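A, B and C are the chain letters, set down in written order, and residue numbers restart from 1 in every chain.
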Amino acid sequence: MNIMHYLADLLVRSLFKADPATWPYTWIAYAVVIGVGALLAFAFVAIFAGPVTWIERRIAGRIQSRIGPNRNGPQGCLQWLADGIKCWLKEDLVPATADKPLYLAAPYLVFTGMFGAFVVLPFGAHVIAADLNVGLLYILAVTSLVVVGLLMAGWGSNSKWALFGGVRSAAQLVSYEVPSAFSLMAVVLMAGTLSTQGIVGAQGGWPWQWFVFRNPFLFAAFIMYFISAIAEGNRTPFDLPEAESEIIAGYNIEYSGMRFLFFLFAEWANMWIMAAVATLAFLGGWQIPGISPERIAEAKGWTFVGWQALSFAIFVFKGTCLVFTIIQIRWTLPRLRVDQLMITCWKYLVPLSMGSATGVLLLMALVREGGIVDWVMRGAMLLVGLLVAGAYIRKVRATFMADRDNYKKMEGRDLWYPPYRLP
Amino acid sequence: MNGSIVQVVLFYLLAALALTGACLVAFSRSIVHSAFALLGTFVGVAGLYALLAADLVAIVQVMVYVGGVLILILFAVMLTARVDEGKESNPTVGKIPGLLAMLAMAGLLVVTAVKAFGPRTVISEANPPSTVSPIGNLLLSKYVLPFEAISVLLLAVLLGAVTIASGRMRKGAGGKQEGEAPR
Amino acid sequence: MTNMGASLFAILPELVLTGAILVVILADLLLKARPGRPTAVAVLSCLGLVGSVAAIAAVPGPGAGTSAFGVMIATDGFALFFKGLVYFAAFFGVILGLMSSEIRREQYGEYAILLLCLAMGMGLLAAARNLLMLYLGLEMVSLPSYILTGFRRGDRRSSEAAVKYVIIGAASSGLMLYGFSLLYGLFGTLDLTRIGMGITRLLAGPPTGEHLALAVATLLSLAGFAYKIAAVPFHMWCPDVYEGAPTPFTAFLSVGPKAAGMAALLRFFLTAFGAPVAGAVGGFPWQVLLGILAMVTMTVGNFAALNQENVKRMLAYSSIAHAGYMMMAVAVGSGDAVRSVMLYLPIYLLMNTGAFLAVMAVRERTGSELLTAYRGLGSRSPYLAITLTVFLFSLTGIPPFAGFIGKFYLFAAVLKAGSPFFNVVAVVGVLNSVIALYYYARLVRTAFFEKAGEGEGAVALTEPSRVMLTVLAVPTLILGIYWGPLASLIERSAGMMR
């Protein structure tokens, strides 16, 4: 039972005292609930994208040894609001030589493509707009609308930089869709379903039940998916479409005001989608450790709501961690060249991801689930995962310590570093 | 669930989208606009598939046609020199013969469609079963031979594409030019 | 559920071919730039093709239990015969490619691989008993053909030919798909046999709009076949493609895909419309239509060939004419006609490949395909000139060469049909053969009775060319006198149709 379905039925029952199965106007209730759900998802994008821009700029500042936005609100945390309002109030400029219909339509297309993917993202045990049978494929398909939108923006702007950016971006998206699809195929093979909820349901709450730690091939698939996702999101080190130093800003260079904001929105939404897909496919999604999905489904009243909230929190937490990783990667690595970009994709990622999908198939055929080999593999992969996490934390700590010592040497006093100033 | 009204409305909306796209493709004076208008057709048709409870086909339609074919067409159009110069959509066939051919073809299709499937509405269930696994099973049982044959075909085409494309880079080493025939 | 393992024998030739393709790809990659690479690739490809031909013997007949693939491809004698034929055509294509300098050494691997894929496609096309498989086979033949046509990189004519080929091919396969979709709409199935039953039912009833739809569907489907066998009005690609494509591939293209297309056409019409439909049952005279097409095709081909100065172009038009001759028998559609086409095609394979091989040999030495390059060939290279004459006279249909036997059977089958219309068709066919004599003889005359120009010395034949010419010429001579075994093989194969 989908939560929106449930709510709509509840609405009909409580408000109109009618049986939703027979009442002739039930579909109106459905439509209303779907509309509200869409608005909520939209709000999630906005609320997520906003603060994350600020967080990213703070992280960037720290990585580049500067401060970053710290004027609007405490520590500058309202900066995103100011930026949003500024963009909103700006003039919506259309270049005189632009191909007007294409120029005007492009942002909507990009945003539709991104936003469409939210329909199947399982935010929680029952918090999903529509659990489609073809969920994962749907995400891949809908995001291809974005490519068309980017090309449209590139062509419509009638500017060579925009066109370069659009074409580069489309080439990149189309190429990297192949390895990302193959990596996800490994997961689909494991789960035996394309439905996003089904994939989450095939995993469990504990890390050793996640797909990423199941076997080495899935671990590799996760890493490859993550790389391709970064490339599909046009993030550094794959941000050639908007390489500021080469083509200024790419496809969105001629845009201003709200339309420009749409592109930014889409980019942030995309980052979240990629992180969410990685979470649901590899990291166990919303699964609560120790609580089976059946128990959540059977719960009543506030317990039910509580489980939903908890699963939602878990999902968002995992996704946000990945988003932070993407941001840190963005500000640490240099940009690739075009040929390196294509070589990375076609010569390495595509064959390797095909290999990992085949390897998963082989292991599924050879290794009995729950057998000794299976557990050994899970344990080993978990160990690898823990080591990676440990190394990461050690690195962050070492950097922090070095900074603190330097600070003390320079200023002669201890560094005051509150947690909200971020890593 | 009384969804028939919704379905009818959706059907006409999607059909209108597909047809508008198709008309724009045919009548637009700019090739680039024609190419972009294909988007409407593809998405509209995918929507119609979804309305017919063919979920996998709908998604594959979007993936292959929007994500693949349309992008390729756009690339080709955008990389063509002087793409703006083509102003007439299809100058060889006049408007009247074109209209007649269209009407004849439409009549034929209607006759065939009515004969094949009858004038009925298709969806009866609110939650139609998934078509993913039936299609997968068919692909690996009844249609396994075409399925595998396609993979050989794709391999050949991939090889050929690489051969032809890499030829451009090492130009000059190609075949002899003698024996040019008088035409 | 049928036994999958046993079913695999039904597609054993295809399996062997697929294995060969993979082996050749690997060998081509592993051998890199070693000098022996083309030879090794050629040997492996030929082994694969010979293995596939041998595998045909292992295919169980249609009577031997149901096969899991039976719904898609036929395993009757007709299909197997054509499979063997097209594999042989590919075999010659592989060898000719190795001998030609038009295929660059480092590209020979791709050439062989594409040719093997083509062979597989032709086999599937000839055996398809389902519209899906039919279309797939057609594309498997077409797409590698486009690539191989444009294989001479940096050559303008080759690229132009490839582009023309792609455009006409795409248009005709689009038309064909429209036709197929109409057929599917009318009968709700892609299976040829069941479509045939549906057509019988439909034509038994009173005429309705569906009859018109059927007629349009048939016409549209015909477009795809006509394109593949280069029949009028879908022949325009033929001369340009034949001229632009590398000669060894042209030799192959003029035979293999034509044979496969002819087989598919025969099966399509005979299965879907029932064996000898007397005239115009239910108002759809497809026999007359095919007959007219045959007449137009051969006439156009022959008249256009008359004043060609480029020998490759001339042979292209001549191959259009030959398609016309064969279509004549397809139109009749009787058992005799089917057998006559099956007899004609192997003979055509020998003589046409041989003629192209001679063209290739001349081109290798003189660098030209023009008629003038053949002046005095009789003295410059007697063996080449004599074998070329054998092939050309055989193509004309002069006894005692094999071509005569082929044509004899064709005309006999057409005349046996007995209707006045087919008598007219046969007369047109005979007249066309006379016209054809003119341009074939012109080439022979140039070779023997014209003096070689300044600086046109001897045309030295390489040893492989000499061997291949002999390999092709000897059966052309023998089959003209002693065709009994081939005819009886065909008798046995054709008897198993459906």
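In the analysis below, a contact is a pair of C-beta atoms (placed from the backbone, for glycine too) under 8 Å apart; a residue touches a chain by one contact, two chains touch by 3 or more.
Small disclaimer: the values here were computed from a predicted structure and weren't measured.
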item	value
Among all chain pairs, the one with the most C-beta contacts	B-C
Central chain (distance from its CA mean to the mean of all protein CA atoms)	B
Gap in Å, rounded to a whole number, between the CA centres of subunit B and subunit A	30
Separation of mean Cα positions, subunit C and subunit A [Å, integer]	55
Residue numbers on subunit B that touch subunit A, as the complex places them	1-3, 5-6, 32-33, 36, 39, 43, 55-56, 59-60, 62-63, 66-68, 70-71, 74-75, 78, 130-132
Contacting residues of subunit A [partner subunit B, same complex]	21, 24-27, 30-31, 99, 101-102, 109, 132-134, 137-138, 140-142, 144-145, 147-148, 151-152, 155, 163, 167, 170-171, 174, 177, 194
Touch list for subunit B against partner subunit C, complex	107-109, 111-113, 115-116, 141-146, 149-150, 152-153, 155-157, 159-161, 163-164, 167-168, 170-182
Of subunit C, residues touching subunit B in the complex	11, 14, 18, 21, 25, 68-69, 71-73, 101-102, 104, 107, 110, 113-114, 117-118, 120-121, 124, 132-133, 136-137, 139-140, 143-144, 146-148, 150-158, 182, 184-188, 209-210, 212-213, 216, 243, 246, 309-310, 313, 363, 367-370, 373
